[in-house]
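Chain nomenclature is as follows: A, B and C, assigned in order of appearance, with residue numbering initiated at 1 for each chain independently.
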Amino acid sequence: MTASAIELRNLNKSFGLAKIIQDVNLEIKRGERHAIIGPNGAGKSTLFNLITGKYTPTTGQVFLHGQDVSGKKPFEINRMGLSRSFQITNIFHKMTVFENVRCGLLWSMGYKYSFWTMVNKQRELTRRTDEILEQINLANRRNMLAGALAYAEQRALEIGITIAGGADIIMLDEPCAGMSRSETELIVDLIRKVTEDKTLVVVEHDMGVIFDLADRISVLVYGQIIETDTPERVRASRAVQEAYLGTTLEEEAS
Amino acid sequence: MSLFIVNILDGLVTGLLLFMLCSGLTLIFSMMGVLNFAHASFYMLGAYFAYQISLFAGFWVGLIVAPIIVGVMGALIERYGLRRVHQYGHVPELIFTFGLALLIEEFVQFFWGRQQVPYNPPAALDFTAFAIAGNTFPAYKVFMIFMAIGLFLVLLYILTRTRIGMTIQAALSYPETVQNLGHNVPMVFMGVFGVGTAMAGLAGVIAGPVMGTFPGMAFTLGAIVFVCIVVGGLGSLWGALVASLLIGWIQTFAASYNLRMEDLLVWLGFEKPMLMWESAWQDLWTLTLPQVGPILPYLLMVIVLVVRPQGLFGKRET
Amino acid sequence: MSTPSTNPLTAGTSRLIPLNHALPWIIAAVALVLLPVIFDSRSALTIMNQMAITIVFALAYNMLLGQGGMLSFGHAVYMGLGGFFSMHVMNWMSVDPWLPLPVLPIFGGLFGLLFAFLIGWFSTRRAGTTFAMISLGVGQLVASLSIIIVIFFGGEEGISGNRTEMLPFFGLDFGQQIEVYYLTAVWLLIAALGMFLYSRTPMGRLANAVRDNEERAEFLGYSQRNVRWISFCASGFFAGIAGALFAINFEILTEENLNLATSGTILLVTFLGGVGFFIGPIIGAIVFTLLQTVLSLHTDIWALYVGILFVATVMFFPFGLTGLLALHVLPWKLGKIGYLAKPYAKMIVPALALVLSAAAVLEILFHVRHAGRGENEMTIYWTTFDSHSPLPLILGIVVAVVSAYALAKLAPGLKAAWDEATTMREAGQ
C-alpha cells in the first residue's frame, strides 16, 4: 500500500468557542505540489500548525505516510520527514548564515545531541551546508549574522533551513510574502529547484505563484475546504469565485 | 479548636499580605511581560519609609504618604530604568530587576543599618481585639485584614467596572490586546508599574510592625511571593489569591502544631533507633513540623510544577 | 585576518590542533605557571585560588545564561552540592586513603551532574521567566534543607575536612598553599578547555539555536527541552567541579555555598564580564574578585558600590566589560584606534573626579548615619575632617555635579570620534 504523503481526516480545531478548522478532509499524494489558498482568516496558518504539530487537533487525525501523528510534538513530526517554513521569518538571528543551515542538517545527519564531536571538523557536514548555501545563493553571505541579512535573503535562508534536513515533505507558509515581483520570481525558481521529487505544500497569497507552481489547489474558506482540484478547474469553479474572490473584493473595498 | 480559629485568622493575615504583593506583581507581569524581581523590595521600602515618617508625623500619615512615595519611585524606575533595558529583551529585564533588588537592599542598609528598626503598631490599635479561650488576637491584625480586603475590593472594582480595568483584564488572558490601549501604552505601563509598586509599598507599611522591618525582609517574603505566583499560575489573579491563602495557612499551621516525625514513624510501625546519633536517619527521626514549615512552600512549588507545570490556575505556559 | 580554519576551502582539514587555536590556551597555561612566581605572597595565592574557582563557576553559569539563554537564580546549588559531596569523599578518604586529592573534582562534577539531571527534568521544560522562578524556588529549597539535613550538610556549622589526609600524589600532600594553587590551576585549564570544546560540539551549537529561537529548533527535529536539559546537566557538572575546588581550597562548606546570595553573585560576575563571549565570565571573575578584595579592605559599603556597578552595567553596557572591549575591535582593525585616544584622554579626569566625589558623598553620608556618638572625624583620600560639618559634603556634591557636566559636554566629541573611527572610508585597504 502506498499511503499518501499527508492525509487529514475530519480535522477540527477550536480556540474557546471559535471553530477555526471544521471537518477538513484532504489527501496529498507523494510528489504532489499542493497549494492551499483562501481569504485572510480562513484558517490556513492554523491548518499548517495542525499538520506540523504546533497545535493539537481538537478532534480528527493527521496522517503522515499513513502514520497517525495527531498530538505528536513538532520535533517528532520533523523526524518523520516533514519540514516547514514560517510566514514571519523564523531564523536564528544571532548565528551566522552558515550555522543556520548547519542546524537544519544536524539531526538528519545523525548528530543528535552529540557533545563528543567537534562540529567544525565534520567535513561532510560542512560540505553539505556549503552545497545548500550555493543552492539558495547565499554562499557569499556565509559568515554574516543571519539577523543582518536583507529581507529577501532572510526568506531564502528560511527556505534553506527548511530543506536542509532533506525532508521529503516540505511545507512553506507564504514564502513570497512581502517580496517584490523580481524577488518573487527568484524565490519561485528556488522553490521549484529545491523541492524536486518532493511533496510540497504551500500557502500563498500571490495567485500568480500558486497557479504557476501547484499541481492541485485546495480552497479554504471559514475553516472548511470548499474545493480541491487542478489550477484550471479551481480557476473556473463558480463556488470558488463566489466564496473566495467575493471576499477578497469585499476586503479590498473596505 | 480555639487555637485552630486563631491560626485560621493568622494564616489569613499572612495570605492576604502575600496577595497584596502577588496581585501587583501579576498585574505588572501580565501587562508588561516582566516579572519584577524587586517587587518585594518596594514592599520593604514601604515599611522603611513609613517608619521614617512615623518618627515625625505618626503612623497614619505614613500609611498614606509612604505608598505614594514608593509608587512614584516605581513609576520613575519604570520610566528611566526598565524601559531602557526593555529593548534588550526579557532576560536582561529580569536581571535588571534582580540588580535593583540587591541595590535597594544595600541602600536600606546604608540609611537604616543592618538591624531591625523599631517600627511599631500605632497606639490606637495597640490592644487585644478579642481572645478565644486564652488565645489573644491583636486589633492591629484585624486592621490588616480589613485593609487587605479593602484593597482587594478596590482592585476588583477597577478591574471590572472601569474601561482601563477591563482592558487590563483582557490583557491578563490575551497579552496581544495590550495594543488596544491605543497610543498611550507607555503611559499605562508606567501607571501600572507605579500602582503595582504602591500596592507593595502599602503592604509593607501595614506589615512592617508585625513581620519586622529589617533589610532581609524583602528577600524573605519575596521568594515566597514568587512561589505563590508560580503555584497559582503565572498571570492568573485568582491563582495568586488561592495560592497566597494556601501558603499563608500552610506556614501558620506548620509553625504552631508541633507534630514530630518520630511519632509518625512509630505510628507507622518503625522502630526507634536506640542510639539516635549513630543512625543514618537521625535527621528524619528528629524532624518536627515547625522545622520544615519554612520549606513547605518550596516543596509545594516543586510538586505543583512536576504535576501541573502551568500552575494551579494557569492557562498560559510561558 | 582570515585564518585557515574559517576559510571554507580548508575547514575540516585534518591538522589536529591549528596553532592559532591553541595559542590562547598556551598563553593561559604559561601565565598560570608564572603568576605565583610574580605574586608569591600568601594572600595573593588565596586571591588567585578564589579567582580560579570563580572563573570555573562563572564559565559553567554562562553555559546556561550566555549559551543556553537560561537565567538561573539558584545555580549555587550545583556548585554547593558538588562541594559538599567532595568534602564527604575527602573525609572517607582520610579514613581509608586509596585516591589522591587531584581526582576529587571529578566526584564534585558527577554529584553536580546528578542533581542537575534530577532537577533539570522538570525545570528545563520552559525557558525564560518560568525557568528563572523554578531555579529560585529550588535554590531556596535546597538552602533551607541544608539546615535540616544535618547528616549531609552539617547544619548551621557546615562540614569541614582535611585535604592533606588523602593518598599522597607523587609525594605531594597539598599541605602547602602553592601546591593547592597548581592543583586548582590545572583543573581550571581542564574545565575551561572542556567547556570551550563543548561549545564547539553539535550540542553547544544547538544550545545557541534553542536560545535564539526555540520554536525553529523544534521544527528541525530537536526537542527544546532536551537541548536545555543536556546543557543544564553539563553546566551542573562543571559547577560541581568548581564546588570541589572550593572544598579543596577552604576545607569547609556551609549553607552560604548554596544560598541566594552566592547564586546572585555568580550572575553578577558573569553579567559584568559579558554573557555573549566565552571569555566574558573569565574577565568578570577576575575583575570582580579584585574589586571585592580591594573595596572590602577600604570601605564598609563595598556591596553598595558593586550593586550600583551591576545595575549600571545592565542599563548601559548589557554586553558587559568584554562587550565594551569588543566594540574596539573594529576601530583597531581599521587602524583608527588612535582617533579615540584624544577624547578618552580628555574624559578620564572628569570621569575619575565623578566616581571619586560620588563615592566621597556616599561615604560621608554613611559616616554621619552610622558612626558612633561623638565620632565625628573621618578620613577619606588621606584627608581627615569632621563628617558632620556641611562643607565636605557640599564640596563633594559640587565636584560631582561639575564633573558630570563636563562629561556631558565632552560626550558629543567622543561620539564624533567614534563614528569616525568605525567607518570604513579612510581605511587602509
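Here is the rule we use: a contact is a pair of C-beta atoms (placed from the backbone, for glycine too) under 8 Å apart; a residue touches a chain by one contact, two chains touch by 3 or more.
Since we're looking at a predicted model, the values are computed, not measured.
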{"item": "Remotest chain, subunit C as reference, centres from CA atoms", "value": "A"}
{"item": "Chain closest to the middle [Cα centroid of all protein chains]", "value": "C"}
{"item": "Centre distance in Å when subunit A and subunit C are each reduced to the mean of their C-alpha atoms", "value": "44"}
{"item": "Where subunit B and subunit C are represented by their mean Cα positions, the distance between them in whole Å", "value": "31"}
{"item": "Centre-to-centre distance between subunit B and subunit A (centres being mean Cα positions), rounded to whole Å", "value": "47"}
{"item": "Per-residue overlap in subunit B, given as positions that touch at least 2 other chains", "value": "none"}
{"item": "Residues of subunit C that touch subunit A when the two form their complex", "value": "5-6, 8, 11-12, 197-198, 200-206, 208-209, 211-213, 215-224, 226-227, 230, 234"}
{"item": "Residues of subunit C touching subunit B in the complex", "value": "65, 69, 71, 73, 122-123, 125-126, 128-130, 132-134, 136-138, 140-141, 144-145, 148-151, 260, 264, 267-268, 271, 301, 303-304, 307-308, 310-311, 314-315, 318, 362, 365-366, 369-370"}
{"item": "Footprint of subunit C on subunit A - complex, ascending", "value": "52, 54, 73-75, 78-79, 83-84, 86, 90-95, 99, 102-104, 106-108, 111-123, 126, 130, 142-143, 161, 165"}
{"item": "Subunit C-touching residues of subunit B, taken from the complex the two chains share", "value": "29, 35, 81, 84-85, 88, 90-92, 94-96, 98-100, 102-103, 106-107, 109-111, 113, 219, 223, 226-227, 229-230, 234, 280, 282-283, 287, 291-292, 294-295, 298-299, 301-302, 305-306, 309, 317-318"}
